[in-house]
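Two complexes follow with chain A in common, the first pairing it with chain B and the second with chain C.
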Partner chain A sequence: MMDVSLPSRLEGIADKLNGPNTLGNSPAFWAAFAAGMVLMLAYPLVQGSYAAGQFSLFLVYGLLALSLSLIWGYTGILSFGQVAFFGVAGYTYAIVSLNLGGAFGQTVALPIAVAVATVSAFVLGYFMFYGGVRDVYVAILTLVVTLVLETFMAQTAGAEWAIGSVQLGGFNGIPGIQNFALGVGGASISLSGSGFYWFVLAVLLLTYLGARMLVNGKYGYALVAIREDEERTAMLGYNVKKVKLAVFTLSGALAGFSGVLYATWGNYMDPSVFTITFATIPIVWVTLGGRESLLGAIFGTIIIERLRLWFSVNASEFAIVFVGVILMTSVLLLPRGILPGIRDIYVFVDEHGVGEGIDRGRETVQARVRTLLDSVGVDVSETKTPTGSEEVTE
Partner chain B sequence: MSIPEDINVRQKPAVAATGGSTETILATKQLTKKFGGLTATDNVDFSVDRGELRCLIGPNGAGKSTLLELITGQLSPTEGDIYFDGHDLTDMEPHERMDAGISVKFQSPHIYESLSVEQNLRVPLQRTDRDIEAVLERTLDRIALGEKADEPASDLSHGEKQRLEIGMAITIDPKFMILDEPVAGMSVDETSDIAELIQSLHDDGMTFLVVEHDMEFVRKISKQVTVLNQGSILRQGPIEEIEADEEVRRIYLGENA
Partner chain C sequence: MTSGLSATSTLTPLVIGDLLGALDSIGVPVTQLLQMADSIAFIILAAIGLTVIFGMMGVINLAHGEFIMMGAYITTLSVNVAGLPLPAAMVLGALGTAAFGAVIERTIVRRLYGRLLDSMIVTFGLGLIMTQGARIIFGNSLQSIGTPFGNVPGYTYSGYRVLLLLAAVAVLVGVYLVFTRTEFGIRARATIQDPETARTMGVDTDRMYTVTFAIGSGLAGLTGALYAPSATIVPSMGQAFLVESFVTVVTGGSTVLLGTTLAGGVLGTINAIFSNLYGNFVGQIALLLTAIIVIRLLPDGLTGLANTVRDKLGERQ
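== the complex of A and B ==
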């Protein structure tokens, strides 16, 4: 292995990163990706530490979105429970780090919190997949678990609900969580603002590249195959239950890591992470960005969260309504999500030219809008058909 | 559901050879499957010899699909056992049965529509330690889809989809292939393509169990036929005898001929 030259070793890594299960594999993609990374890295220098601190929340959420893309987009299992693992890890981190105190306490709390989320995902996944729970029932069950956690954590007000010296605090949650830190005593680093931003960016980058290797590797085919046809895949010798459990557990761990970063970002944990609104938001991110695209999931998250922030400042009561409108519009125009949509357009224009691309785009938009209006009972067909009302009732 | 102590399944095939040089590869013992009050498979002792090409026929509701699904592990029997090539399959998960050497082509094409033809074949190959590229090329050649290797599987015709699924099923190097109505809904040309494919695999030593309604196709590919009726084996034997049998004619072939 030692005599392998660097270029060929890099090629080996590139081989693992690229494959049929990710959208961008071309040198052009990687060039754009590198340019994007440079911009991301420079963001704190241009916008300042405060803005970087704000933006780092989107990257934390990006990690949560990535976990959902793996389990839902690639494996076809819609999990409403990603926020449950996110919240469980956040709470665990708060309890452990505040009990132990100091940077050392936080350093110990990180693996414990991720481990608790991982084990929770494993246990829930085991009972679901080995118990024969499938399809929409997985979504229902994971949502129920999340809502039960909300109800439970919301009633933990009062002195009797304390673990060690930490009060769980009911609706108010646990305040006073320290900024993210690693190390012992004097040899520790505490991250906030730009430092935290760069750290989360690095975590997200590594997780993204790791996830690319996973989905383009030997396991990737198994994931996509399970999504496409579970029975066929089992009958080709794949241990479907085991693969599903492994991916569910992994995505629970990623969601947990994201939850820890969230707790240190906001310096508090409260039961709002287990609400149905928050449980739905990751699905919105991933749907918007393109659930079968890892990068799309992160893209969708940043877009939605940036808009939510803007709306909450400028028109707070309508924020979630606007998000809903954006989601509807994007699903209508780019049903597979923004990034896969852009890629489809790029491929089409590349093959057929810009003019035809514009024509095709106009036709598609018209057809989709007409279908939508038709489905809500608005008659827009150019040639009036007397049977229009009957079609609607179908 | 425990392994009967008197049968040493690891040492020898569960059922003794039926005579001559033939050897049983698959055997069911008093296999029964009940759905509530309905007995879909009733105390069936069924066996297939190694290298045989057996067809399973019978009227709708005779229990053909149930028997297949019991063998593949999609269903668990109410009573009875299934032995295959020295293994007791009865409590095995479907994927373990595939590892033991069984492979199946479902009735309606189950392929990965969003993947290309080649990727469809890669899915099963990924987990085998076979030489992926070589097997891929040979399989594409065998199912005559080499020219369409890069096309999305969703663009294939019905017959091509069926061939692709057979291709996927053979990439895991099975000893025993189950085909559930492989020519249902196919044109005459497509049917004879499938017949040729099955024949060539059979010539290479593959054992087949084929459920089929198309008697012309059965005549073409098979010598041995088992007739199921109301969950039990009605007749078993060479195709000529079966077709001449009065009771078989009355309950099944009559409506078909």
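== the complex of A and C ==
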């Protein structure tokens, strides 16, 4: 849908990209966005191919984060199952591409893998949404599905667990997946290092712009309406179940595509993608970055993954503790995430000037700290009603 | 509850052995029944703490598995390090976890009432910290305390596991009595139904939430304590309970005891049959499929079905 960049239609596309459901809509935002893209494009030239290869994993994860942002941030459905579709697609890609072999096999494997993830999401989503499963139950079911997949893949170590010539390999997983490639025989390209980085960056950019068009379009309004009040949306004549199923399937497909890229990035797939820890990580990215912001999800991913990489090199046993702490503090102190916070500050300072902005910031920090101390201290509570203790947001 | 358990325990293996022998001689498939009882007990005990907190407060505690792990750790350490007798160590495990739960409710969960998904995420983060914290502090595993009582005479089946079923029943009865027959139970249920009115009637609702959360945590700790002698004590041991407990909550529906009991019975039977025939993994798949089918057919879970049946029979309006 993005290939129609003819001058006559540019205006229309810009209209579709901007809207109330995304944070940055001003020319200033797009200028900063373009500058950021130039920096991202130049990254391999400055840092070299190896660093770019490392960084491309973060971008692959960014795609997974986008899928969660759509389903959770915009539609209000918390899915622990994005990693399930991610893993299913990765495994499918490994099995198909290794069985067929060569660039052609990989080219065929890509759509098959994404299709399998999409169909899985559709089937699970159908049973959940048309079965009237809602709220926490969706979160629990998706989590259970993921954990059961882990149990399944972990016990496939025996020789009888083979599809075609590929052993599923239990805990050891499937090694030897080739770098990402498209084409047939001589007319094919294989991507690694900088090439893979640029490819993933392009995929992420297109997905981001596509997602912006989606959420700012008519469909996006329906998604947000469902998040805010499901009953009312149904009353207004929307087929809520259908919309939820559609967006769940779409985000399953995105997660699946991300899983394929992950498999080709690391050249292996193993059951660790279905573990409870890995299932949490996308939620951490999106919570930190801002769940109701597409760009926030990507930012959160890059920040967290950079830090996780640092921890795994310097203090590996504290990496998971760190993830847990980030998760807890960001929900408690920054319920809307970093990027929406920055946007709020920018808008406030823009309207009221810097001096007043600093005052306001100090007050907010004081208020937050006071609430925190209250809750830790020995019952300083006035009348805290558990049902209505929403964070004070402005 | 646990002290009563220890009083009967010296007699139990022998009595149960005789009883089972008698049943076997009249053609009852005792081995299969034992396995089923085992599954049912496991599912009820795995889920009870979670369902109390969810049913009474509407909060899903995703650190539930880690609370179970905590109960098992306190029990094991009390026996191994402090040299306490096992029943005392189990009580300590349950109480210690309850106290921890009370602190967590006061400091964290309290601030997230009404933000259901957020409270899930925060408790998830807590679970990660607890698992890894246990690993950092105590290493990759603890030396396990042996399983008491040996086998049921005449069967290759641990007598302790029979006791676990009794413990599961005792826990259900205990929870039922606490929430229906005590002053606290009535106040707690009033708080859940209508906090505003409860407060005007002089109920300290804040305290009710804290105590209910502590009870739920304590029950999770008790589960850990009860399984400590027969499980491998590792930081991630709580995860072994996760699938079963969540499936039970989903299948059972919102009424705590009825839901847990019905779901425990149905799921335990299904799990026992499929695990015996095809192994653990198929057992879990069967649980998951059952949960999905139940939800597809009965949006309010088994509780909803039970209520409909009761309405039809006209026992109540």
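To be clear about the criterion, the second predicted complex is superposed on the first by the 358 of 394 C-alpha atoms of A that agree within 3 Å, B and C clash if a C-alpha of one lies under 4 Å from a C-alpha of the other, contacts with A are read in each partner's own complex, and residues count from 1 in each chain.
Methods note: a contact is a pair of C-beta atoms (placed from the backbone, for glycine too) under 8 Å apart; a residue touches a chain by one contact, two chains touch by 3 or more.
Source: prediction; values computed, not measured.
Q: Which partner, once the models are overlaid, touches more of chain A's residues, chain C or chain B?
A: After superposition, C is the partner touching more of chain A.
Q: Under the stated touch criterion, which partner chain does A:165 make contact with: chain B (first), chain C (second), both, or neither?
A: After superposition on chain A, A:165 lies in contact with neither partner.
Q: Is A:328 contacted by the first partner chain B, the second partner chain C, both or neither?
A: Only chain C is touched by A:328; chain B is not.
Q: Touching A:235 in the superposition: chain B (first), chain C (second), both, neither?
A: In the superposition, A:235 touches chain B alone.
Q: For A:221, select first, second, both or neither according to whether it touches chain B, chain C, the two together, or no partner.
A: A:221 sits against chain B, while chain C stays out of touch.
Q: Once the structures are superposed on A, label A:277 by its partner contacts, choosing first (chain B), second (chain C), both or neither.
A: Touch status of A:277: second partner only.
Q: Can you name the residues of chain A that touch chain B in the complex?
A: 20, 218, 221-222, 224-225, 228-229, 231-241
Q: Using the touch definition up top, name the residues of chain C that touch chain A in the complex.
A: So the residues of chain C in touch with chain A come to 54, 60, 106-108, 110-118, 120-122, 124-129, 131-133, 135-136, 195, 205-206, 209, 239, 242-243, 246-247, 249-250, 280-281, 284-285, 288, 291-292, 295-297, 299.
Q: Could you list, by residue number, the parts of chain A that touch chain C in their complex?
A: For this pair, the touching residues of chain A are 78, 127-128, 130-133, 135-137, 139-141, 143-145, 147-148, 151-152, 155, 276-277, 280, 283-284, 287, 317-318, 320-321, 323-328, 331-332, 335, 371, 375-376, 379, 381, 384-390.
Q: Which residues of chain B touch chain A in their complex?
A: 72, 74, 93-95, 98-99, 103-104, 106, 110-116, 119, 122-124, 126-128, 168-169, 172
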